[in-house]
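As written, the chain order gives the labels A, B, C and D, with residue 1 at the start of each chain.
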Amino acid sequence: MGTYFEIDKLELLKAQFDTAEFDAEANEPAIYIGKEQLLDLMKVLRETPTYSFDRMSCLTAVDYKEYFEMVYCLYSRRFDKWVTVKVKLDHDNPEVESMTQIWEGTNFEERETYDLMGIKFLHHPDLRRILMPDNYDGHPLQKDFVPLEPRIEGGVLTWHKQKSSS
Amino acid sequence: MHSGILYSTAQALREILMSLVGVPLLVDIIMTVICATILLLIMATSALVFTLGERKICAFIQVRIGPNRVGPGGLLQSVADMIKLMDKEDIVPRGIDKWLWVLSPILLLVPSALIYAFFPFDDGVILADVNVGLFLLIAITSQTVLPFLMGGYASNSKYSLIGGMRTVAQMLGYEVPMVFALMGIVMLTGSLKMSAIVEAQSNVWFIVLQPLAFLIYIVTALVESNRPPFNLVEGESEIIAGPFTEYTGMRWALFFLAEFSNLMCIGILTTTLFLGGWHGPDFLPGFAWFWIKTFICVLFYQWVGWTFPRLRIDTMLSFGWKVLLPIALVNVLLTGVGIYIYNIM
Amino acid sequence: MAQTEKFVLNMGPQHPSTHGVLQVQVELDGENIVGATPVMGYLHRGIEKLMESRTYVQCVPYTDRLDYVSAMNNNLGFCMAVEKLANIEVPRRAEYIRVICAELNRIASHHVFIGSLTNDLGSATGMIYAFRDREKILDLFNIICGARMTAHYIRIGGVAADAQEEFLRDTQKFIDYVPAMLDEYDRIFTGNEIFQARMQNTSIITKEDALKYSMSGPNIRASGIDYDIRKIDKYGAYGDFDFEIPLGKQGDNWDRYIVRLKEIQQSANIIQQALDNLPEGPYMAKVPKVLKPPKGDAYHRVENTRGELGFYIVSDGSTKPYRVHIRRPSIVNLQALDTMCRGMLLADAVTAFATIDPLMGEVDC
Amino acid sequence: MWGKGLVAGLKVTWGHWFGKKETVYYPEEKLPMTERFRGGHLVLDDKKCIACKLCAMGCPNAALDLTVSVDEEKKRHMDSYKHQIGRCMYCDLCIEACPVKALSWDKNYEFASYFKEDMTYDAVVEAKNRRGNDE
């Protein structure tokens, strides 16, 4: 595993972005950033030659019940460095800028995150469900998800809320 | 004038019939019916034999044992296959062009069956030894294009349609080099008559005199009979089964029958045109030589088929038009020059 | 008046050459492809959600079902992520056995690749030859862990059982067989002119495209980008071994095939080194019966046969993971399908599916 | 020269055509199962079993359905040991969890059945039958 991003560079970023935060005590501190500045931060991380995080290794979301957290693991092939960027999102209306504007290869991963976690990506070229059926209502990886009941109505597979199980 | 067991048997039969019936026309008709029946039986048997043969050979090449459950060593496997196919539900898909769809497999069988009339199985044993034998043969085989296209169009399936279009492209494309390749033989023989072609090979087989034509013929024959590596029509990894995607049960079995009949046809044709037909050393009768050579040819075609991957449509067409056709033309030229020199000497 | 029209062909989910249940909507103009859209989800089992209700130990067999032709690599990825989360030191011998198994499985997976590729090209015989050789590896797995595909052999903290003499001996036998095997492949596939004509200069992914689509594994290396996590991260015992990373030139189907063939050679090379230097010692670290990693998260990636396989695990301090995310290489690689197929013929689309080597168990997760 | 590779390929298949075959006549000839092979029914040694239920707890898919009774001497007995093969993924975790090594596989992989219900069996009953046969 390559080494983690240096603390002093994190400090630099913190000075540059006012919503950026990190836990200096932690072993491999993730950068927390406000969702308005996410796109700018990512652009800086990718395009600044001294950072050049050119690979979006992993993109996912975690449901912490009160809020959602987007997790981006970036990797720099040039410097063999890692950094984790996290964004906290409102639980009621999770919206975040799409990373396809910087890394086109995140298209399917964002679609998957939208499908399973219900996070809306703004400016995504093709935000549709990818794994679940198109007429499915609900996002399975949310913690309060209740599976829907499949039923065939008029030759079409439809999904319904389960009757309150006794 | 002719020798050979088959010919003498037929003559004896004719004499017996003559003494029984007495009307030459009626005897002719009866004899023709008998011959036609035998030919159809040969065709059906070939399908049975080659189903098993194909599966066994494919298995052996693929380091497997192959079918071994039905009958001793799996010998009756093709019978079981046939029973299964007859037993199957006849599914007629929605939205098809009913008449064309139903007719396609039947029509496909007609040319495959017709050409058996022109094969000289032994000395003098040929149902219709017409003057334009080879010409008719090629004309009839090229009719197989139409049923394929019909089936492809009528099935109302995109896979079938693509398969049908491919048939037209490949069969027409390879008809031309094939005809030019066979032209060399016709030039050497000086006749289109099948018996004359065989007769001309009593000393030297045409494979020696026409090696280029032989190679071209092998390739074109594989294409014309949809054998791998040229089975683009039914390329199962791309278009599932091409024109027969939507056929089931007996209808599909008819396609199957035509395919194996075609396989045997190209075996027989290779034997007749290049390998000296029924000629061979005297210790075996002519028809035995004929069948031995045919089977060797069929085995060769199956061996090739199970070794190579399928070609792509553009490679195949450009190969036909840009490589095979010029070579075939050169072959015609060389043959002409050769005949000229031979005549001078 | 005659007119032509583009039409959409639904290839899959039931089609002889879509590697499971991938559906590709191919837009065709005659036989020319003008667009290809993969449609997924037919094999979606919700493994990420299932793992949230299983303990860490119980999660491991589910990773077998992700990429079911290289189960060992998936086990390895998950176990290493948990070990990173819980700070477990794995014994040296276990690391070596893990490498042997993972590399054997890489070879087996490439056998499936070669088999399905040749089958899609229309040579069923090739498939049987590749699967015949894969069978030898599956038999090895049967010896060491009692299962052929869903191995569940690599566990958190080590491996399930020690490698027996029989396994090591048979592995050595297999490694000795590899050159003969590759020679046969060369004679029947690589040297074959029809194969070359089918694959060379088709479905090219340029370096830029490969990076743009975040591709990984043999697919990105075929485009000429030196990106192998075994070499970069040197996870597990990979730092101890000397091996090369085969690279392609232009990223066409042919390069993707050749890269994988050469990788078989390199994997055999690694296994040979691991067998020669296999240390003695325990095969399992001391892992508490009830594993409770500290609160926090960890991301660990390994080089799966299809590329960069990452596990992101969030622990809330209980026995069960709070959230597991699996970064699957197949689904990311599939994004390039449209670029690969555009402008090619229908037959090339089938080759492209085969050489991109997606595995639906992994794509749909 | 073009065509050399084709001939080489033909040679390979020719060699295999008459070479040794890799497959076997299955029902008559069976491949040996290895020592660690996981598959078939669970064999419960009901004399050793202490009815601790650790195997059921270790199962990731809840394929084991056990009923345990406690007699007057506070001794636990396994009354039924239902193994639902349809849910089992042969991960071996139940066998590894057993503290007294009372579980093992019978390695018989031929248990296909027409009905789903037939795939569930009771290991305690099987153990008793086996003992009955031995005696």
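Convention: a contact is a pair of C-beta atoms (placed from the backbone, for glycine too) under 8 Å apart; a residue touches a chain by one contact, two chains touch by 3 or more.
Just so we're clear, the structure is a prediction, and the values are computed from it rather than from any experiment.
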Counting one step per pair of touching chains, how far is chain D from chain B at the shortest? 1
By Cα centroid distance, the chain farthest from chain A is B
Centre-to-centre distance between chain B and chain A (centres being mean Cα positions), rounded to whole Å: 63
Chain A to chain C: how many Å between their CA centres? 25
Averaging only over C-alpha atoms, locate the centres of chain B and chain C and give their separation in whole Å. 45
Starting from the mean Cα coordinates of chain C and chain D, work out the distance between those two points in Å. 27
Can you list the residues of chain D that touch 2 or more other chains? 6, 9, 12-13, 22
If a residue has to touch 2 or more other chains to count, which residues of chain C qualify? 125, 132, 188, 192, 194-195
Can you tell me which residues of chain A touch two or more of the remaining chains? none
Tell me, which pairs of chains are in touch? A-C, B-C, B-D, C-D
Which bits of chain D are touching chain B when the two form their complex? 6, 9-10, 12-14, 16-25
The answer for chain C against chain B in the complex is residues 7, 9, 15-17, 30-31, 118-126, 128-129, 132, 188, 192, 194-195, 197-198, 345-350
Footprint of chain D on chain C - complex, ascending: 54, 57-62, 64-65, 125, 132, 135, 142-147, 150, 152, 160-161, 184, 187-189, 191-196
Touching chain C in the complex: which residues of chain A? 1-2, 54-60, 62-63, 71, 73, 77, 80, 84, 103-109, 112, 116, 129-133, 140-141, 145
Please output the residues of chain B touching chain C within their complex, sorted ascending. 58, 61-64, 158-159, 162, 165-166, 228-229, 231-232, 235-240, 306-315
